[in-house]
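As structure tokens, here come the structures.
Shared chain: chain A. Partners: chain B in the first complex, chain C in the second.
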Partner chain A sequence: MVDLTLEIRKTAKELLEKGEAKVVLGWEKGNFPYSTTPVFIDKPEDTERLIWDEYCINNLALYMLDYKHLDGKVGIFVKGCDSRGINRLVQDKQLDREKVILIGLSCPGMKDEKKAKELGPNADIPMAQKCQDCRYPDPVVYDVFLGEKQNKKVPEKIDTSDVEEMETKSPDEKYRFFTTNYEKCLRCYACRNVCPACNCKECIFDQTATGWLAKANNVSNNMFFALTRAMHVGGRCIECGECERVCSVNIPIMLLNKKIIKDINFLFGDYDAGLETEERLPLGGYDYTDPEEFM
Partner chain B sequence: MLVVLKAKLKDILNTLAEEYKVLVPAKIEDTSKFISYKDNVDIILDENVKLSPKDVFFPQTEKMYKMKTVKTSMELENITDEAGKKLLFGVRSCDMKSLDCFDQVFLTKGYIDEFYKNKRDSVVTIALSCSQPMQTCFCSAMGVDSQKAVGADVQAYDLGDKIGLEAISDEGSKVIELIKGQLTEEGAEVPQPGEFYLKVDADGVSEKLNGMFESPIWDDVSKKCLNCGACTYVCPTCHCFDISQEVRGENVTKYRCWDSCMFGEYTQMAGGHNPRPTKKERVRNRFMHKLNYFPDRYNMLLCTGCGRCINVCPVNLDITSVIKQIKEAE
Partner chain C sequence: MKRVGVFICHCGTNIGGVVDCPKVAEIAKDYPGVVYSVDNKYMCSEPGQELIKKAIKEQNLDRVVVASCSPRMHEPTFRRCVENAGMNAYFMEMANIREHCSWVHASEKDKATEKACDLVKMAVAKAIMNKPLQKATIPVTDRALVIGGGIAGIQAALDLANAGHVVDIVEKEPSIGGKMAQIDKTFPTLDCSACILTPKMVDASSHPNINLITYSEVEKVEGFVGNFDVTIRKKARSVDMSVCTGCGVCMSKCPSKVDSEFEMLLSKRKAIYTPFPQAIPNKPVIDRDNCTYFKTGKCGICQKVCTLGAIDYTQEDEFVVTRYGAIVISTGFEQFDHSVYGEYGYGKYPDVITGMHFERLINASGPTMGKIKRPSDGKVPKNVVFIKCVGSRDVAKGKSYCSKTCCMYTAKHATLVTEKIEDSNVYIFYMDVRTGGKGYEEFYNRTREKYDAQYIRGRVSKVFKQGDKLIVRGEDTLLSQAVEIEADMVVLATAMVPQADASKLAQKIGIGYDKDHFFTEAHPKLAPVETHTQGVYLAGACQGPKDIPESVAQASAAAAKACGLLSKSEMLTEPIISVVNESICVGCGLCVPICPYKAIDLKTISERDHGKTIERLVADVNGGLCQGCGACTVACRSGALDLKHFTDQQILAEVNALCL
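Up next, the complex of A and B:
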């Protein structure tokens, strides 16, 4: 990854020097061996800050929302999940594909930052959950590609064994599981704010005057938040796992997302969001063959 | 110093539980926080809790009073806290310091917040020293002594397989009196803290910020921030709240709940104007409040170096880096 770091810096430098990009988004080292942090480079000399290591986990795609109105192009480094995030924004009409220069990187799977904190400096750090579940480590869209592709054979279908296990539980058990989890939710909205599919200009949860969701933190409000959030990204969630990764209290958020993905696959045919930008979204249009038992 | 074996800690807590509602730092549901002591709770002594004890004094959602409309008038009903004394065992120095900050906000300058005061008055604290700081700890840089807490009733010391106890206040002496029979006198010394991994020099940062409201660093610092509320909700010193109500027919319950200056809605005006329209103004406010406005008003920093914000931030926006950046700025 050291060689690639040098290439990353070189590519970013060229883009800025030639004026092809006004700013380049990548990762720089944080204060700990196990941390990196997003960085926004606009001067060629600052490209030395860029790095590529096994902790470059943040999905950078959502930052493109901040550059929607920039006069000029943005260069952005994309792993598999980041590239699907870019497609998400393009398909949701939040981003003009022409405005970004995607520099693809094949992702070896990033390490688990939380585990690294717990286990200490000399431990063998496991791969992050979101990377263990990832089926598209190579970017699905890019303009330039650095390094080599893995062409890793992706499992045909998303692994929903955890969802299936939950489905076998009794309603009481399920209720207990979700209430104990959402009792601890802080409603910090980190899961929402990190999500490339959560790109509404004004979020329903911020419109407190409407009374849709009260600010009071209790399990019923928290579950209303959680379910609404999951439904709003239904059919658009790119499975990047960022929401679960950033949860301040370790709520297994992906379980809900995956349940919806599993149901969509069953009802409307297999669908992986963020692989392309032209096809109609499974929940974004009506088709004569759609099941409608409820009508 | 009076000491007890860590293995016998629960005996002491059992004795104290007869007198107080005891709260202990414990692992629960894949996180950790102060919870009611029971024999089977998973007490943690080797690191600080992930969620600070601030909710004991300042709950995330706190019912304030009730109202009921009766024909053309309105009846008000107070909501009282549960009676009885609480005892918080194992509060680290950083979190004790945050209570000092809370006291300034809620009890000084001629204004007393009764909701806070009632809770504060009903809690006795046993602070616990830290033998090894966690990687994200930087309390010493913020003027907090990890071995001796401010405002504790009893100071406990981590002595390896034992815990040393020292009464500080009268209330603390009463606590020691209750458990005296279970403690032994030993010639133990106040331990030395381990080495801190995170290093930052915060000297002069408050003064430096005086002329920096319009500094270009805020653009730079804030770019990666997502404006979630994670850092402020886990922070033991953040104390902003919003007041709202639940209306059910004729019955209204007024409550207050945590709010965060990281949210856009926090400064949203009724007419639609927002004086802090972007992440730049919000992030600037967070750090200015912690490092400049608060020291200006109360003569102390509003950061105790507990490192929680660093731990939860989805994008690793690190307050120690921000302090460095402020100090290096021209």
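Up next, the complex of A and C:
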């Protein structure tokens, strides 16, 4: 990873020096050994801050929204999940593919920062859950590729065993499960803020005057928020797991996302969001041949 | 504070017999905003409407809630009523306490009354939030398109043309005429089908307002009511229509013989052909799949014999785009593919034929010159068995519906067999005999009594060959015994199904179709010739099984509807359409493919952002195309799209009224 760090710095420096990119998005070391944070470099001399280690877990794609109207290109380092996030934004017409230079990196799977914090400096830190579930460690789209692809063998279909287990429970048990979890929700909206599929100009949850969602923090409002959020990314969720990773009260947010993915796969055929940008979204079209079996 | 008036309708006993209407009116007085509340026997009646108008003036109302039937029928009535009293029509809100309440809760009167109160309460809450809406106008192109040149299409075109409108008929076959041209006699009068059809065909072709576009198909339909831009594919005829006189020399000299579709494959036609002698236009086309010149590059006889040089092998399909104000669809029917009934031996035994084959066999200009002969050996059949409901009324193998015409045409066939063949016997296997229609029952009785047709109630289990006879084994369910009939010929009354590509055409035009792919009318009773797409009308069997009189009647009805639209140069548009809040629209474009009416596009707008002028995409709704279905508002995750008159705020007000 040290070699790759040097290559990353070199590539970023070149992009900025030649003026090919105005800004480069990557990762830099944080305050702790287990924290690595996104960094936005716009001067060649700052590229020394860039690193590539086992904690570069943040999905950077979402930050492209801040550069929507930048004159010039943005360079961005992408793992598998970041690249799917980029496709997400391109397909949602929030990003002009021409205005971004994608530098691909093969991701070995990142470590769990929360566990690292708990277990201390000498422990063997397990891989983060979102990386254990990852099926696309190599970027699905890139302009330049650094290092070597690992072509790791990954499961063909998303693992929905946890969803299936939940489906076997009684309505009461399910309701209890969700109320217990969403009682904890602080409505900090971190899950929304970190999500590349949440790219609205003005989020519905910020439009308080419409009256959809009250500000009060209670189970009813929290669950309404959670379900609405899950539906709004339905068919577009790239399974990067960032929402669940950033949840400060450890709500299993991906369970809802995966339930919707599972249903879409069942109803409309297998679909992995963010692999390409042209195909119509499974929930994004009117189909006259829709059988409408429920009618 | 808004001043709401509430009007509770008894609808005679429809509502009043279940819901305690005076009580609902009394309770409604306490709902927020309500200043006046009253009940009446018939709100839609003249006195009922007068009551509303009077109350608006006297009570100074600015919102009206009418609790009565489904808005489908009387929403326009009450909108007009409040408009006459000087109020914006969209300030009137209806609560459906009949279909949604009294009819479904007839046995629970108290609960029904309680529910009626809730429905009124919701309507009051919504009415208060209602905004005044204004109708806009769009121009109307005075030209109609008729798709399908069968009897329904011809009739619709003639009626439109006689009313002074220009009409184009698009027909996929080389000639107009459709199925009626293949039929020999028509029930119940037994007039010759061609004799009454061909004059209409000639009328259509010679009418100054009608253009025939034969051997052509609709490729694409864009635009909206009053302004449909239709792309028509004119298939290459390989014959220059402007030069050809229809002398027919090419057809007589052509060496390639092909089974004639018009004659139900019972005789041959040439590769350069007109489907039948009275074809209109009576100018041939080259069937390129079967033409020796197109297959091998050799031959060219037709070109050599044509003294006018009308044969053009280099012709290509031509695409023309024309703007129409209205579209009448009259694509008719096909015969059900009865090969699923292997037990009847169709395809295996040449003497098992369908009703349409039979029509050709008895037609004087058909392959046997009107003599009924067996296709296998040309012998005259003595015993003829008819099997009805082949594909109709059979949920397991065929269609669930009744094809409606088979009872009558089988009776017709039976009389014709008896008339034409001496000492013949006719046996008809049936499930029920349905003869609704003027003179139909009398015709059926005559068939039984005067022509001595043997009606056997029951289904046939098997048809098999024995010597040169066909043994028809079935059951007579009235006598509860098995029957076996030695037949010389078996005629299957196959179901009517829509054209194979009906669903594709419906998708191109943007209209609905049912599970059997018949086109769906806007309302089965009150709008039977309209579709849910304004400006598109239905005529004939493409909407459901129909006989000739019904098809003609519906064609004239569709024409009358189209005339109503085309008679004005401008039309009012419904203001209940989607609107985009550009300030929060993120331009993701998800609403574009979601819209069934292709009413949404993305457009670029420029705005100031942090001291810079930036450009961004936002959704743009075409008010002429939008039908107000609301699909886009659901797809829009930002909530930037909203449906006027059903805004999020208005719906939430209703929900809150009920739940809070």
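In this text, the second predicted complex is superposed on the first by the 291 of 295 C-alpha atoms of A that agree within 3 Å, B and C clash if a C-alpha of one lies under 4 Å from a C-alpha of the other, contacts with A are read in each partner's own complex, and residues count from 1 in each chain.
Keep in mind that, in the parts below, a residue touches a chain if its C-beta (ideal position, glycine included) is under 8 Å from a C-beta of that chain, and two chains touch if they have at least 3 such contacts.
Quick caveat, the model's predicted, so the values are computed rather than measured.
Judged by the touch definition given at the top, the superposed model places A:Pro38 against chain B, while chain C stays out of reach. With both complexes placed on chain A, chain A has more residues touched by B than by the other of chain B and chain C.
Once the two complexes are laid over each other on the shared chain, residue contacts for A:Tyr189 go to chain B alone; chain C is not touched. Looking at the shared chain after the overlay, A:Gln150 reaches neither chain B nor chain C. When both complexes are overlaid on chain A, the residue A:His69 reaches chain C alone and has no touch with chain B.
In the superposed model, A:Ile204 lies in contact with chain C only, and not with chain B.
When both complexes are overlaid on chain A, the residue A:Val246 reaches chain B alone and has no touch with chain C.
Of the two partner chains placed around the shared chain by superposition, neither chain B nor chain C is touched by A:Gln132.
Looking at the shared chain after the overlay, A:Asn217 reaches chain B, while chain C stays out of its contact range. When both complexes are overlaid on chain A, the residue A:Thr179 reaches neither chain B nor chain C. Overlap of the chain B and chain C interfaces on chain A: none, as no residue is touched by both. Of all residues in chain A, only 69, 92-94, 199-204, 207, 210-212, 232, 280-281, 283-286, 288-289 touch chain C in the complex they form.
On the side of chain A, the complex with chain B involves touching residues 30-32, 35-40, 58, 62-63, 66, 117, 180-181, 184, 186-190, 192-194, 206, 208, 214-218, 242, 245-246, 248-250. Those residues of chain B whose C-beta lies close enough to touch chain A in the complex are 29-31, 50-51, 60-61, 135-136, 197-198, 223-224, 226-230, 233-234, 242, 244, 246, 255, 257-260, 263-265, 310-312, 314-318, 320-321. Contact residues on chain C toward chain A in their complex (touch as defined above): 503, 506-507, 513, 583-590, 593-596, 602, 609, 612, 614, 617, 631, 635, 637-639, 648-649, 652, 656.
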